[in-house]
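Right, one structure below, let's go through it.
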Amino acid sequence: MPKGNIINREAFLANIRAKIGGISSDKPVEKPAWTTEPQKKVLEGYDRDQLITVLREQCKEIHTDFYQTTLQDLSETITSVMKEYESETVVYSDDPRFENAKIEDYITSLNAFKWDRTDREGSIKIAEKADVGITFSDITLAESGTVVLLNDKGQGRSVSLLPANYIAIIPKSTIVKRMTQATDYIHAQVEKGEDIASCINFITGPSNSADIEMNLVVGVHGPIHAAYIVVDDL
Amino acid sequence: MKVSFFVTCLGDMFYVNASKAAVELLEHLGCEIDFPKAQTCCGQPAYNSGYHKETLEVAKHLVETFEHAEYVVGISGSCVFMIHEYVHLFEEGSEWQKRAIELKEKTYELTQFIVDILGVEDVGASYDGVATYHTSCHMTRLLGVKEAPFRLLENVNGLQMIDLPNRHDCCGFGGTFSVKMSDISEQMVDEKVEHIEETSANLLLGADGSCLMNIGGRLSRNESPVEVKHIAEILNSRGDV
Amino acid sequence: MPMHIGEKDFKKRVTKGLDDDFMRGAVRSAQERLQDKRATAADELGDWEDWRTLGSEIRGHTIEHLDYYLHQLSEKVAELGGHVFFAETGEEANEYIQKVAKEKDAKKIAKSKSMVTEEISMNEALEDIGCEVIETDLGEYILQLDEHDPPSHIVAPALHKNKEQIREVFHEKLDYLKSEKPEELALFAREKLREEFTEADLGITGCNFAVAESGSFALVTNEGNARMVSALPKTQITVMGMERIVPGWEELDVVVSLLTRAAVGQKLTSYITALTGPKQLEEADGPEEFHLVIVDNGRSKILGTEFQEALHCIRCAACINVCPVYRHVGGHAYGSIYPGPIGAVLSPLLSDYEEYQELPYASSLCGACTEVCPVKIPLHEQLIMHRRKIVEDEKKSPLSERVVMRGFEQLVNSANLYRTATKMAPFLTTPFAKNKLISKGPGPLKHWTHARDFPQPANERFRDWFNSREKRGEKNAKR
């Protein structure tokens, strides 16, 4: 993609520089050593199984159904969640992990649509009508009960957003303590000069709002129900 | 131990019994009391209203007045905090700032002094009553004295303490705020009074004359039976229970 | 909506707030809930004070090097193919946004919540050129339907309305026929807004935090509307106040963790969406074109002054949620889209004292705001600094007050004068007192005694007692 335009920058920054006595924009500023780093101490020493316990507990706080299963039983678990949500139609991301986990055949046996990275209108239209969206979690945060989706290419921003229900398949190996580990990973990508996903979603349960008398209402613009399925041998 | 007593304006003119009680209490605990007669106001009314040039002069006066003291003990958390604030009024590194720092380091609020410096939590007081305690904002949030009054009150023989709901809410005094924004201030004090009434205590205690004057003024206007006292008066009571 | 809202006269706005019983009930219960949730979330972390310290260090460092980080941000966004416009004023920002809307022939614009776009009256500017702007945050949507009722809180804009009032608005404007249950109201809004999202030609978002190192933008929401706005329309404009930036992802973690806890007591909100550039070639959804508008609009006036820390604000509203003045008068009384303690600090800075001179005085200086601020802005001290500026630099305090304060200075600087005055006080006040109480005071006491009695000064001052006791040699008699 060609470089975008930058308009009015120099005068704008010169004004700021005059006020704060900055030197020059292109001279690198070193971040100071922060005096404290409490984010690194959260859930310190927890192993993955302990983190799963934290995740399971947190799911209660965020109105999310929690399941733990194995590869072998994964399709069965998905079936039962869909039943629970009275869902029939599925949209799922174009992601090799479905194939790798050997559940693509199962998914295609449902009334399912694989997100089409070449068809914007069509994909959005189908996702909008689908009962349930299914994606894999890239990084899973135990503390907050969050699935992190690095949405690029065939992942589709809409898959986890437009359907009324959402299922996240969580490989056990993706579970970390908290947001710190996820942002460390992304920061490392930036440091190495790699492209980061154009849309990174930190999803914590179904959508909700407390805008009416501070009453929590679940399911405003995004999904009304959310289920996390932790897969032990992934 | 020699203590220079900082009486504060309200303590000198309105809450005389509280001030007397504080002096007697400190003496009871073995302190020798000195009262520098040149002391006036801490300057907070001017400072909070934005008159900082005027406050600076007041600060110099009090710095000089208490320069000789070993310890300065005041009976208002808010006024004591104002003395601590002098440090920021003077120019960084100036001689006056050094003197202000010296004053800050030896200036304490009454209950803070008894608990932290004298190391006493039971002053041997007894008082028959059911009381609730108002935590003043400046004393708790700015001066950081949160526990000391409760420690001391817990050990008063015969006194039953009831938690004040929403005790961290401001009573609505705020110095000139209570006059400038009197309509808002009235709502705040009314809310405080409601909470006091919820406790069904017959006695309201506090460690800051200004809050007590505000809440007491509203209680009195409402013809409420709740009595208002400064904590020093209770801690200095030695009656039979 | 411009920054200034409601009546011009401060006193009138306050009276209106104090008279609105429903609003006060709603605010009171919302404050209690939010205070509890924030406190619980902070306690759960255990080392909340360390988190605050870190938050304050990060914000301090970023603002001290704002030119560097904005430069880095703009470079990264442009590298990704996005366009960056630096707007010194609200007008400049609006003109640019209008230009983009015209180029894209945008009829319908879906917008997620953004305070800065309120501040610069962006919606009106777009409506002027014939665009339809739809607010998609539930609270904002309700207010927009209700004849553009202004927001009264920076996180929960419709905090001042009850569900019956909301039902009425939906009924009147959209023929809504169901009940006032929040679930039904929300479901109705969901269906209505779904149509708008899919039809929108242009999406406009605010920005909670920009990440300089990668040219990314984090949007913190619960409803998912910001995700809709950044997934469905083909063109996206993100508008940010110039201070809403952090150096990198590591810092984003900290400020987001502080924001969600301080604002609503959540560990993370339902959605934190981090957008980096327009959509890439192999993606189906997301904007094909991305514009970033960085707005100054008075913020640079604050840099380098004693108020610089006000720019550290992460807009969590924790200060608003604990403020007793806000509780009683409500958000609209501040006359600014930024209410509460941070609003009282910020509004006169972004605008001027002419418009907002009363706000720094609308505080009892109880310090509850300073205590909860997750990035340690000394809010109540900044209010005192405003007062100092109004008095000493602007010389705008009332003459009567200046005279009193001058007198006060002379009085308390002279031990003799002070002693004489305090001795005279009981006699001077005797005509007003009954049983040692003043219930109708003269001068400024008149306001105090409207609802409160004032004690009459004691005849024997403490110092008289102490003196006579000393003379009698009773000192330390009880030992």
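Letters are used for the chains, namely A, B and C, taken in the order the chains are written, and counting of residues starts over at 1 for each.
As a working rule, a residue touches a chain if its C-beta (ideal position, glycine included) is under 8 Å from a C-beta of that chain, and two chains touch if they have at least 3 such contacts.
Chain-to-protein mapping (UniProt): A = Lactate utilization protein C; B = Lactate utilization protein A; C = Lactate utilization protein B.
Computed from a prediction, not measured in an experiment: that's the story for all the values here.
A.B. asks: Following contacts chain by chain, what is the lowest number of steps it takes to reach subunit B (Lactate utilization protein A) starting at subunit A (Lactate utilization protein C)?
C.D. replies: Minimum step count, subunit A (Lactate utilization protein C) to subunit B (Lactate utilization protein A): 2.
A.B. asks: Could you let me know which interface, A-C or B-C, is made of more C-beta pairs in contact?
C.D. replies: Ranking B-C and A-C by C-beta contacts puts A-C first.
A.B. asks: Using only alpha carbons, which chain's centroid is the nearest to the whole structure's centroid?
C.D. replies: The chain sitting closest to the overall C-alpha centre is C.
A.B. asks: Centre to centre, by mean C-alpha position, how many angstrom separate subunit A (Lactate utilization protein C) and subunit B (Lactate utilization protein A)?
C.D. replies: Going by mean C-alpha positions, subunit A (Lactate utilization protein C) sits 53 Å from subunit B (Lactate utilization protein A).
A.B. asks: Need the CA-centroid distance for the pair subunit B (Lactate utilization protein A) / subunit C (Lactate utilization protein B), whole Å please.
C.D. replies: So the centre of subunit B (Lactate utilization protein A) lies 32 Å away from the centre of subunit C (Lactate utilization protein B).
A.B. asks: Could you state the distance in Å from the CA-based centre of subunit A (Lactate utilization protein C) to that of subunit C (Lactate utilization protein B)?
C.D. replies: 30
A.B. asks: Hey, which residues of subunit A (Lactate utilization protein C) end up touching subunit C (Lactate utilization protein B) in the complex?
C.D. replies: That would be residues 1-9, 11-13, 15-17, 19-22, 25-29, 31-32, 34-39, 41-42, 58, 61-62, 115-120, 123-124, 128, 141, 143-146, 151-158, 161, 179-180, 182-184, 186-187, 190, 195-215, 217, 219-223 of subunit A (Lactate utilization protein C).
A.B. asks: Show which residues of subunit C (Lactate utilization protein B) lie in contact with subunit B (Lactate utilization protein A) when the two form their complex.
C.D. replies: Within the complex, subunit C (Lactate utilization protein B) touches subunit B (Lactate utilization protein A) at residues 14-15, 18, 324-325, 328-329, 361-368, 370-371, 384, 386-392, 397, 401, 405-406, 408-409, 411-415, 418-419, 422, 425, 437, 439, 444-445, 447-455, 457-458, 460-463, 465-466, 475-479.
A.B. asks: Going by the contact rule set out above, which residues of subunit C (Lactate utilization protein B) touch subunit A (Lactate utilization protein C) in the complex?
C.D. replies: 26, 29-30, 33-34, 45, 47, 50-51, 53-54, 57-58, 61, 63-72, 74-75, 77-88, 92, 96, 136-139, 142, 156-159, 162-163, 166, 182-183, 185-187, 189-190, 193-194, 197-198, 213-214, 216, 222-225, 227-228, 230-232, 242, 247-250, 252-254, 256-257, 264, 266-286, 290, 294, 296, 300, 303-304
A.B. asks: Please name which positions on subunit B (Lactate utilization protein A) make contact with subunit C (Lactate utilization protein B) in the complex.
C.D. replies: Going through subunit B (Lactate utilization protein A), the ones touching subunit C (Lactate utilization protein B) are 7, 9, 11-14, 16, 19-20, 23-24, 27-28, 30, 32-33, 35, 37-41, 43, 45-54, 57-58, 61, 65, 137-138, 141-142, 168-170, 172-191, 213-214, 216-218, 220-221.
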